[in-house]
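Just so it is clear, A, B, C and D label the chains in written order, and each chain counts residues from 1 on its own.
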Amino acid sequence: MTDYKIHVLICGGTGCKSADSDELKKSLKQWIDEVGLEDDVQVVLTGCFGFCEKGPIVKVLPDNTFYVSVTPSDAEEIVKEHLLKGRVVQRLLYRDPNTHQQISDSKGMDFYKKQMRIALRNCGFINPENIQEYISRDGYMALGKCLTELTPEDTIQEIKDSGLRGRGGGGFPTGLKWEITRKSEADQKYVVCNADEGDPGAFMDRSILEGDPHSVIEAMSICGYCIGASKGLVYIRAEYPLAIERLKIALDQAREYGLLGEDILGTGFDFDIDIRLGAGAFVCGEETALIHSMEGKRGEPTFKPPFPSVSGFLGKPTNVNNVETFANIPVIINKGASWFNKIGTENSKGTKVFALAGKINNVGLIEVPMGTTLREVIYDIGGGIKDGKEFKSVQTGGPSGGCLTKNFLDTPIDYDNLLKAGSMMGSGGMIVMDEDDCMVAIARFYLEFILEESCGKCSPCRIGNKRLFEILDKITSGKGEEKDIERLILLSNVIKDTSLCGLGQTSPNPVLSTILNFRDEYLAHVNEKKCPSGQCKSLLKYEIIEDLCTGCTLCFRNCPVGAITGERRQPHYIDQSLCIKCGVCYEKCKFNAIKLT
Amino acid sequence: MPKIKLAESTVKIIKDVCARFNNSEGELINVLHTVQHKLGYLPAEVQEVIAKELNTSVAKVYGVVTFYSYFSMIPKGEFPISICMGTACYVRGAEQVLSEFKRQLKVEVGESTSDGKFSLNCLRCVGACGLAPVVMIGEKVFGRVAPTQVKQIIAEYREGCSSEKAKSA
Amino acid sequence: MDTVQLIIDNKPIVVKKGITILEAAASAGIHIPTLCHMKLEDLNIENKPGGCRICVVEVKGRRNLAPACCTEVADGMEINSHSIRVINARQTVLELILSDHPADCLICAKSGKCDLQDLAHNMGIREIHYKGEQSTYREDTSPAIIRDVDKCIMCRRCEMMCNEVQTVGVLSAINRGFTAVVAPAFEMNLDHSVCTYCGQCVAVCPTGALTEVDQTSHVIKALSDPTKTVVVQTAPAVRAALGEMFGMEPGTLVTGKLVAALRRLGFDYVFDTDFAADLTIMEEGTELLNRLTRFLNGDKDVNLPILTSCCPAWVKFFEHQFPQLKDIPSTARSPQQMFGSIAKSYFAEKMKISREDLVVVSIMPCVAKKYECGRDEFKVNGNPDVDYAITTRELAGLITLANINFNRLPDEEFDLPLGESSGAGVIFGTTGGVIEAAVRTAYELHTKKPLPRIDFTELRGMDGIRQATIDFGGFPLNIGIAHGLGNARRLLEKIESGESEFHAIEIMSCPGGCIGGGGQPYHHGDVEVLKKRQKAIYREDSMKKIRKSHENPYIIQLYEEYLGKPMSEKAHHLLHTAYFDRT
Amino acid sequence: MTKIKTLDDLRRIKNEVQSKIKLRENSSSPEHLVQVKIGMATCGIASGARETMKYFIDELELQAIDAVVTQTGCMGFCYAEPTVEVTLPGKDPVVFGFVGKDKAREIIDVYIKRGELVDGIIPLSFKTIHD
C-alpha cells in the first residue's frame, strides 16, 4: 500500500460535480503524472465540503490549503506550483467577503470555525467509494460494538439517553421510535431510511449519502439489530443519481466485506438493504406516503395511528428515520450518549445540518451545534448577505416552515425555539432573503409548490391551498383587498387544523408567518397596490420622466406592445393599460428618463 | 386516444423489465423507472403491457404514473431543458430565466418545440444551490444563468455544437 | 370485553375498545356528519380514506382536529363534536368542497338524493367565502353509466367499490393535488374499458358524479306513441325497494302498487320478470341436470360446475377477466332477455303485433341491464328484444312525473300470461335466490320426488361466499354462492386451482344480489336497508301459492304451446346465448 | 477480498488501512502534533529538500511519532536550504537550516523526542506565511 505524502481532495458533491469537478480531477491527475508525482500525491473525490457557493473546491493536505472555484484549467498551476514547489496558488484562495483577506487554511475560514461536524464528519474527508477509508475512521466499529457487547435494549437505551431526535422534521425521539418498533411483534420488520428529501433548496441528506454512505448503512444495520429486522430499504429520490450510485457502490462493498448479509461479524445477525426509488412527489417524505410509494402505489398518506412502527411496509412494523438521523447513530454508539447529549440545548441534543442558500455569501452545507443562533449561522458562517444588502428574513423548515425576521436573529436554533417563533426545524433548509425579496411573493411561491405537491387526498389541502394560492396571486397582481388578509388567516388556520397529513397541516405556515411578520408588505400590496420590494411585476409601473426624455423614440421603437406614444423630440408617454411591464424601455433608455414606481 | 401498436421488440423490453422485478405489483415504481429509462417515456400502450405483466389494473398503473412528476407520457425533446425551481434558485431569479426560455422557445412548461429539439420542464432542487439559478440541459448543468444568456444557450444547442455532449451525458 | 370510558359532548359513555369516535358517538345518539366514510357492516365493506375531513371533532389535548371516522377511542378521551372551532372548520371545509363543485343542484340528476347537498343544508351553508377556479373534466357517457367528474369530491367510494369489492379495476385516483380525481386509465370512456356496468360506483357515489343513463324520456315517448304496444316487465328486487322512493320503510313490499302505477303510466301490459325467472329455471335447471347426468355417467369432458348467467355484469366480468371459463356458465339468457325474447315472439304472435310495433320496457334494480339489452346477440334485425331498461329510481321519477300518488294506489294484479310467477322467480332478487330456485326444480325433476321442504335456508344469508351440500336423492350436490365480483373472483380462483369442487355456482355482481343493485334507491351506506329488502323478498316468496318454477301453469303452457320442452331447438334459439372473449 | 468474519477482523483491517488516511486525520488537528514544514521552493528542492522531506516522513512513521510533515514555500533563508520548521505542541516554531539526512535524524532524536535544542537554529525574526 502506498503512503501518499500529499492528499488532494476534490469535492464530488452534486453542486461541485455540476461545476465540472470530474473534469478537474482528470486534469489534476494528468498534470501529476506529467510532473512525476503520482507516487506522492493521492487525488480523492470526496463528498461535499459544504462550501457550495464557491465550488468546485479543492483541498490540499496536509497543509489544509483550501482552493475555491477551481476550473480544470487551474490544474496545471496547482500541480506545478503547489504540489511541486510548495507555493500556494494565491489567486485560487478564498477571499473573505467582508475583510477581503485571502485565507489559505480552511480552518481559518469563518465558514468552518463555528461548525461542528458529526453527521457530516466524513463528508469531504474520505472517498465515499472506498469502504476502507470509512473503516479507517472507526467505520462499522459501532455496529461491531452493538453486536458483540450490547443487547438491543442497551443500544436503544443509549440512543434514548443521547437525546437524539428525528432530523427529518418532526423531531420525534429516535430511541423511543426504535423501542416502539422493537415492541411490535411480527415475523418480519423493516428499517427504512427516508432519503426523499423534497424541500426545495435543501440537500443535507443527499450530501451525506454522496459523501458518507456507509454511515447510513451502518446505522440502519444497528437499527435492524435493535428492532429485530433483517431487511432495510432506502427510499431515495430518483433525482439524486450520484447519491444512488454511491449508495449502490457502498452496499456492494459492505456485502463484499461481509458487513451486510448473513451472519454479520459472526454474530448470527442477518441484515441487508435494498434501494427503492422515489419518483418526484414531495408528499412521500411523509412516512405513510413513503411506505405506500415503496409498495408501488400512489404516495398518498394515511391516517396515523396505526403508526408505521406498528403497521408499516407491507403491514409489518417499520422504523422510518431520515438520513441525517441515521448518520448520527454510529458516533453516538462509539462516543457514548453522555458525550452526545452534552452538545446542544436542553431538549435538542447534538448538531443540525442546514443547507444554507439564498441571498447569502456562503451558500453551502453546514453543521452546527443545536443552540447556535441564526445570527451566527447567517453572518459568521454564511458570511452575511450578498452584495452588502440588508437582511430581511430567513426561511427555515422548507414549505412547512415560516419566515423569521431580524428580531429572531439571536434565537438559539433548536426544535422548540423555532416552533415558538412560528417556524420549524424541518429537514434543514435555510433560505436567506434580503430587502429585494417580496414576502407576499415568497408566500405565493411556497403555496405554488404545495399546490403542485399536494396529493389531493383530503379536501382542505387539495382545495384550501388552491384557494390560498389564488388569494395570494390576486394580491401580488394588485387585485387584493384588505379583507383578503383576514381570509388568508382564517382559511390557513382551518387547513392546519383539518388536514390529513403533515404536508397540509403545515402548508399555510409561510402564509401565516409572513402575515405575522410582514403585514405592512401585505397592506402595501392591497391598499396602495404597491410592492415595496419591486418584485411583483403587475404592481410595477414604468413612467417617463418628462424632463429627462429627449424624444429619441428608442423606447417607442422597442416597446413590444406599442404602449409608448410620442412625437420625435417631444417627451413620450406610456399607456399603462397597454404596458406589459417587460422592462425593455427601461433597459433601452439612454437618458434614465424611465422610472420604476 | 389513438392507439399505436408497440413493436415486438419494445414489448419484449417491457416484459423483460417486469420479469426482472419478479412481475411483482409492489415493484411497479421500479418497473416504471426502468422502462421509462429505456424507452424515454411511458405512453398508454406501454402502461397496458406493464399492467398485464404485473397482473394489476391499467387504471392503477395510470394512477401511479400521473401521481409522480418523474414519469412522463409524452416524449421529451432531443435536448430536455429543466429549470430548477427550488427556493434558492427562485430567490436568485429562476422565474425570470424560465419565462425567458418560454419566450425564446415559444413553449409552455411541459411542452416540446415543434421540431422536437427542446422540451421545457421545471424541477425541484437539484442541489446545486451554490450555482443558483440552475438550468439543466440533458445532464449538463448551467449555473448562475442570467435571462440574457438564455438566447445564446439555446443557439448553441440549435447549432448542434453541443449535441454530442448532451447525448453522451 | 375491553371497554373504554370517554366523554363526548359532556356525556360520559362507556364503549367497546377499538371502535372509532364516530361509532362511539353514534352509540350515544350523537350523529357526527360524514361524507367520504361508508361502512356496510355485514358485507365487510368499508371506505375510510379519512379524506373529506367533514367528521372532524375536537379532542382535548390534541393539537389539531381529529377525524371521527378514523380516530380510535381511548380511555379518558374528552371529545367535543360541535364546538365553535369544530363547526367553523367543518363549514369551511364544506365550503371549500362546494367551491370546487358545480352549483347546478336544481337540475342535477342527484338533486334531493345527494349527500353533499344534504350536508350543505344541514351545515347551514349560505355563502361560499372562498370562490375560485373549478376543476373541469370531459363528461363520459357509456351505455349505462354517466361520469360527470366535475362533481367528484374524491370520497374514493367508487374507487374502493371498483377495486376492492368488485376487483374490476376500472377506476383509480389519478393526477394529484387540485387536479386529482377518480377516473379510468388515460381518462378513457367507460365503454372502452373493462367496466362491467355493475353500477356499484353509482350506488355509493355521494354526489352526481356517477349516475345511470336516464332513459325515461324514451319510455315516455313510446308510451305516447299510439302505433306502439308497450309492455313492461319488472324485476323481483324492484318491488322490495321502490317504496323507499316514496317514503316507505325499507323492506315494504309494493308489488300491487307497482303494478297499479305502471298501468296508470299507460303501459299496455304489465308483466313480471319473475315469469321469465321461472322460465330461466326451466332452462338452466335442465342444463344443470343434463350436465350432471353426463357427469354421473362418467363423462369427463362435461363442464362442471355450472355457473349462473342471469347477471349481465357478471357475464361481462368473466368475458374480460376469465375468458378461459366462457364455456362453463349456463348458456341460458338472463330473465330480462328471456322475457324480451318471448314477448317479441310468443306474445307478439299471440297478440298479432309485429315485432317492430311492440316496445318492451323493463324495470330493473340494475344499470348493467341497460347495457345488456343493447348487446347485439339480443337483437333481431337490429330490433332489440328489450327496448329500454330503466332503474327502480328512474321508475320512481316517472311515477312522480305522471302525478301519481304512489302511496295511495290500490294493489293490482299483473297481466297474464307473462305476469304469473312462482315464489322461486321472486327470490331471484337476492343472493342465493337463483340457486335455491334452481334446486327446488332440479331436485324434483332429478329425483322425481316432491321436495321434503321448500326453504333451503342453508343457501340464504349475507356472507360473501357461501357453500352448501344438498342431498340430491343420494348424490351430494355441492353448491357455491358468491355475491360481489371480488368474491366471485375468489371463488373462481379456487375452482381454477382445484381447491374447491362445486357442481353449481350462483354469482351475482352486486353485494346482496339484485336488492343491492346499482339501480336501486340509494342505501346511503345503511346495510340494514339491504337486509330489510332481502327479508321482503323471502316474505313475498313464502306468500306465493306456487313456490316452484316448474309448477307455474303459464310456464307449462308456454312449453306446450310454443317451445316444446326445455333445451329444445326453439328454446335454444330464443332463450340461450353465447359468450365472447373480450380481452 | 475475504469477508470480515469477526470484530477482530474488522479491527485488523482498520489498523491496516489507517495509515492510508492518517495524513488526513492528522492535518485536521495539527496543533496537537509535531508539525514539520519543509521549505520546498526551487532552491530548497535543488538543495535536496525532497529527500529531506521523504526522510522525515519515513523516519517519523518508523518511530511511530504522530507528526504532520508538510511542504511550504520559500522561507527566505535561501542560504541555508534545505530549511525545516518544526513546531512542537504548545511551543513556538523553530527553524533549522542546512537540514540533510543526518541533521534530520538529530532533529528527530533530540528536539522532537526529547525537546532539547540542537545546533543550526535560525533566529526567528519572521512570520510564517500562514500568519
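Structural remarks
Definition applied: a residue touches a chain if its C-beta (ideal position, glycine included) is under 8 Å from a C-beta of that chain, and two chains touch if they have at least 3 such contacts.
Remember, predicted model here, so these are calculated numbers, not experimental data.
Across the two candidate interfaces, A-C and A-B, the one carrying more C-beta contacts is A-B. One inter-chain figure worth recording: chain B and chain D are separated by 54 Å, centre to centre, where each centre is the mean of the chain's CA atoms. Inter-chain centre distance (chain C to chain D, centres taken as mean C-alpha positions): 89 Å. Annotation: 54 Å between the Cα-based centres of chain A and chain C.
Between chain A and chain B, the centres computed from C-alpha atoms are 23 Å apart.
Residue positions of chain D with contacts to 2 or more other chains are absent. Multi-chain contact residues of chain B (touching two or more other chains) are listed as 60, 63, 67.
In chain A, the positions touching at least two other chains are 281, 298, 452, 455.
Touching chain pairs in this entry, ordered by label, are A-B, A-C, A-D, B-C. Contact residues of chain D toward chain A in the complex are 1, 3-7, 9-11, 13-14, 16-21, 23-28, 30, 37-42, 44-45, 53-54, 57, 61, 68-74, 129-130.
Every residue of chain C that touches chain B in the complex is listed here, in rising order: 163, 168-176, 183-186, 188, 193.
Put simply, chain B touches chain A in their complex at residues 24-30, 32-33, 60, 63-64, 67-71, 85-92, 123-132, 134, 141, 143.
Taken together, the chain B residues at the contact with chain C in this complex read 1, 44, 47-48, 51, 56-63, 66-67. The touching residues of chain A, when paired with chain C in their complex, are 281, 283, 298, 300, 302-303, 305, 451-460, 462-467, 470-471, 487, 490-491, 494, 496-500, 505.
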